[in-house]
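Per-chain residue numbering starts at 1, and chain names A, B and C are given in the order in which the chains are listed.
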Amino acid sequence: MIFYLKKAAGLLVTLILVSVITFGVFQILPGNPVYIILGVDADPAQAAALEKALGLDRPMAERYLDWIAGLFRGDLGMSYRYQQPVSELLSSALEVTGSLAVVTLVLTVLIGVPVGIWLAGHSHKKYSVIVSMLSQVSLSVPGFCMAVFLSSVFAVSLRWLPSMGFVSWSDSPVEWLRSLLLPSLSLALGSSSVLIRYVKVSVTNQQKQDYVRTAYSKGLKKTRVMYGHVVRNSLIPVITILGMTAADILGGSIIIENVFSMPGIGRLISVSITSRDLPLLQGLTLYLAVIVVVCNFVVDLIYSVVDPRIRLK
Amino acid sequence: MSDIVCSLQDFSLQFREDGTWYPAVSDLNLEIHAGEMVALIGESGCGKSVTALSLMGLWPEEARVSGSLVMQGENLLAMDSRRWAEYRGSQVSMIFQEPMTALNPLIKVGKQIRENVLVHQHVTRREAKQQVLGMMKQAGLPDVEALYHCYPHQLSGGQRQRIMIAMAMINHPSLLIADEPTTALDVTIQAQIMELMRQMNRELGSAVLLISHDLGVVKNLCSRAYIMYAGHVVESGPVAELLQNPMHPYTRGLVAAIPGPHCRDQELASIPGTVPALNARLQIGCGFCNRCAWKTDICEKETPQLKTVGNRMVRCHRVSEQEHGKRSADKGEGLEGEGQNSAANVSDAEIERRCVHV
Amino acid sequence: MKKYVSDISFCVGLALVSIMLLVLCVSFFWLPCDPEAMSGLLKLKPPSPEHWLGTDQFGRDIASRIMKGIQISFLIGAIVVAAGGVIGVLLGACSGYFGGWVDSVIMKVIDAQMAFPGVLLALMLIAVFGNGIGNTILALSIMSIPRFVRISRSGFLRLREADFVRAEKVRGASAPRIMFIHILPNLMSELAATASLTFASAVMSEAGLSYLGLGITPPDPSLGRMLSEAQGTILRAPWYVLIPAGVITVLVMGFNLLGDGIQQVNERR
């Protein structure tokens, strides 16, 4: 129980720090945001009025607390550019980024885990070197380079898959998947290479454990030892890096959504920067950061549930 | 004489290092009779554990094995991986030194024992569980229903080793190999575990090969013992005689090192030096000569052969010259048992193979 | 050194990085053409003896622009590693050596910073300060700090109880002296690996930001922006896409492999 309380306290502190960073960064803004909205040569009286309306004349701590209170009411502020609540913009972009992240995570696990296990079992074979090298290459190709490459081959040249846009699941599940396949794959190739390494190292370590010898001495066959004992134990440490992978995928999606012109959070972020729509950027940034923190927390919890030894501490 | 369960003839095991093969075990001859408890004694690095693992077919991948390993009339070196899997855990099973790491930390102990039943017997899960509970009870575990659902880290060291014993004995193997089963346990628990093994041996009739570095631990349990040093059996025979009248200088050192009530105010005896490393072992000469107080020129020039002395075997050049006041039982009686002068007649069907399985 | 040469990753990485360094050195003294010279007649020409890698949609020589872009990438990578490294090692050293509340505060802030995935933190800073080379470097340097903090913290934590550190303490050496004269040199190979990996990710992030039009601003040439410009002409000039994408990949892979190689050799010891 103390274990969970400690974890929850850590989560709270991190969340507060994240919100302070997000809030703080936008306070060091050179220049008054009022003039960004109204233009540099705005009437000073009008500027002062807007400043008051936006609450920019009050002390920073007060505005921070107001902002936090707003968050709890689901109010992330108002976008300058779209003249719409940030939360509304966010919820419409959420399906895109959420779909992209989930499909990518599934692809990452589907590629990473089997290849990692296979590599650990065949580490002395010649052809495993080729697979290792391939995973090293796909680790190093930046996601957006991979995206440009994949889209020029499969979308532009072969015309198998759409090169841009997003189709909602409710419109057509098949088209939904087709529109997600290339962006997800460009992200998943990189993140699965990371996963492959972890799985491989973890399985190799577990294979050296004493209980593996016990399993063999019971008369279990090689595959049964592998899948009944080794793999099970190896995947538990791998769970911890899934949180990290989720963060990587979200970070990568910011650029990938722009490559494929998908109307997700990443696209909104880049629009908000070019149009200097700071409330929108602030809301989106906080939202992504909170998701990452919560993901890591959930992964910690899953880990403690799956591994009986952790709960005891 | 009772049936021979297991016999090793001229068994050798070599490791490869930098292109050369170094012997970890050389020309080992060993026999175990049905229902017998035999000890294999030696300090770490002498090759006793690797010999035990070889009986399970679990020698390391980079090792080369030759000689003959026969278990209930079957040549182990001719078995394929399918046969090995049938054999392990049913005909022979093994328990290890460290019961914490030898159990899978993420599987309930009951299920780990049950797995052994399900692999070798065609029974339902429920029947298997009943067998497991029965065996756990027999292994002296309390409250077996609750313990069945425990994870290894929730048990004490002694309980874990009892679980290991239950797991090993559940298919009534004809041989149980125990590799230093009590070394990692508290002293008070050690005697209990040893007693449990003797009880299992009596109740289920399985022969036991007990591997230890301590001759004192086995003296009340085992009938016979093999003393190993640097890959060779240096002396073998009935435990009582070995203790009373050790012939090989190494055995003498071991016997002297057993603490007892009679040596209260004396300093504990020890053998100076350590076992030579695998790649530092001499190809000729006696392996013990760098630590031996009695060595002469011949010890460095010639490898000693096993000599039969009474119902014992000893590998020492100087054994006949030594003073053995109480060597009365040495005239002609009981020359059977150990396979006479075995190192001299090399088995003609020498099978040499690299390990392919595991 | 021999141990490093026997590592495949290290060798391949070193080879790729050396090729890029060679191109970089050449670019300081000689460029095939003026990278800014436009020509209406030479739009999107395929590779030829005059223009080795062809021309872009304004008729500029791609080879020269790539070489200029490599200069920018190395400049950004080097400054980011230096700045992020110095700040990160300082923080990590304090965190690991002193422990206690100093450690908790620093690590909590670093953890919070790690919550901003990928280039998000850099984007936030660019939104505030505006884009351009200087601000991109600033943003990427801040982004690279956590990595150095974590590595140096674990190193200092490990070595602060070492015998030679205790001996220095007994002798009365000051904390900064112990930290930077005695402990730090022992962590050099680990930091070298981190520096190499950070270099790779700085190059990658800069290209990503510039691809979005939020990093390097024209007229400075950038591999990332070339890629986004090339994407629009993919049907007419496919080679134009492949060249910047390939160069970015080789740069990133070279430094990644180099860092991995150093790391693997360190672990084997």
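Quick note on the criterion: a contact is a pair of C-beta atoms (placed from the backbone, for glycine too) under 8 Å apart; a residue touches a chain by one contact, two chains touch by 3 or more.
The structure displayed is predicted, hence computed values, not measured ones.
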{"item": "Topology of the chain contact graph, where touching chains are joined (line, ring, star, complete, other)", "value": "line"}
{"item": "Chain whose Cα mean lies nearest the overall Cα mean", "value": "A"}
{"item": "Chain pair with more C-beta contacts, A-C versus A-B", "value": "A-C"}
{"item": "Chain whose mean Cα position lies farthest from subunit A", "value": "B"}
{"item": "Centre-to-centre distance between subunit C and subunit B (centres being mean Cα positions), rounded to whole Å", "value": "58"}
{"item": "Chain centre separation in whole Å, for subunit B relative to subunit A (CA means)", "value": "55"}
{"item": "Subunit A and subunit C: spacing of chain centres that average the CA atoms, whole Å", "value": "22"}
{"item": "Of all residues in subunit B, those that touch subunit A in their complex", "value": "56, 58, 81-82, 84-90, 93-94, 96, 98, 101-107, 115-116, 119-120, 151, 153-154, 164, 167, 357-358"}
{"item": "Contact set on subunit C toward subunit A in their complex", "value": "9, 108-109, 111-120, 123-129, 200, 204, 207-208, 211-214, 227, 231, 234-235, 238, 241-242, 245, 248-249, 252-253, 256-257, 260"}
{"item": "Contacting residues of subunit A [partner subunit B, same complex]", "value": "209-211, 213-222, 224, 228-229, 232-233, 236, 307-309, 312"}
{"item": "Subunit C-touching residues of subunit A, taken from the complex the two chains share", "value": "13-14, 17-18, 21-22, 25-26, 28-30, 136-137, 139-145, 148-149, 152, 156, 247-248, 250-252, 254-255, 258-259, 269-270, 272-274, 276, 278, 281, 285, 288-290, 292-293, 296"}
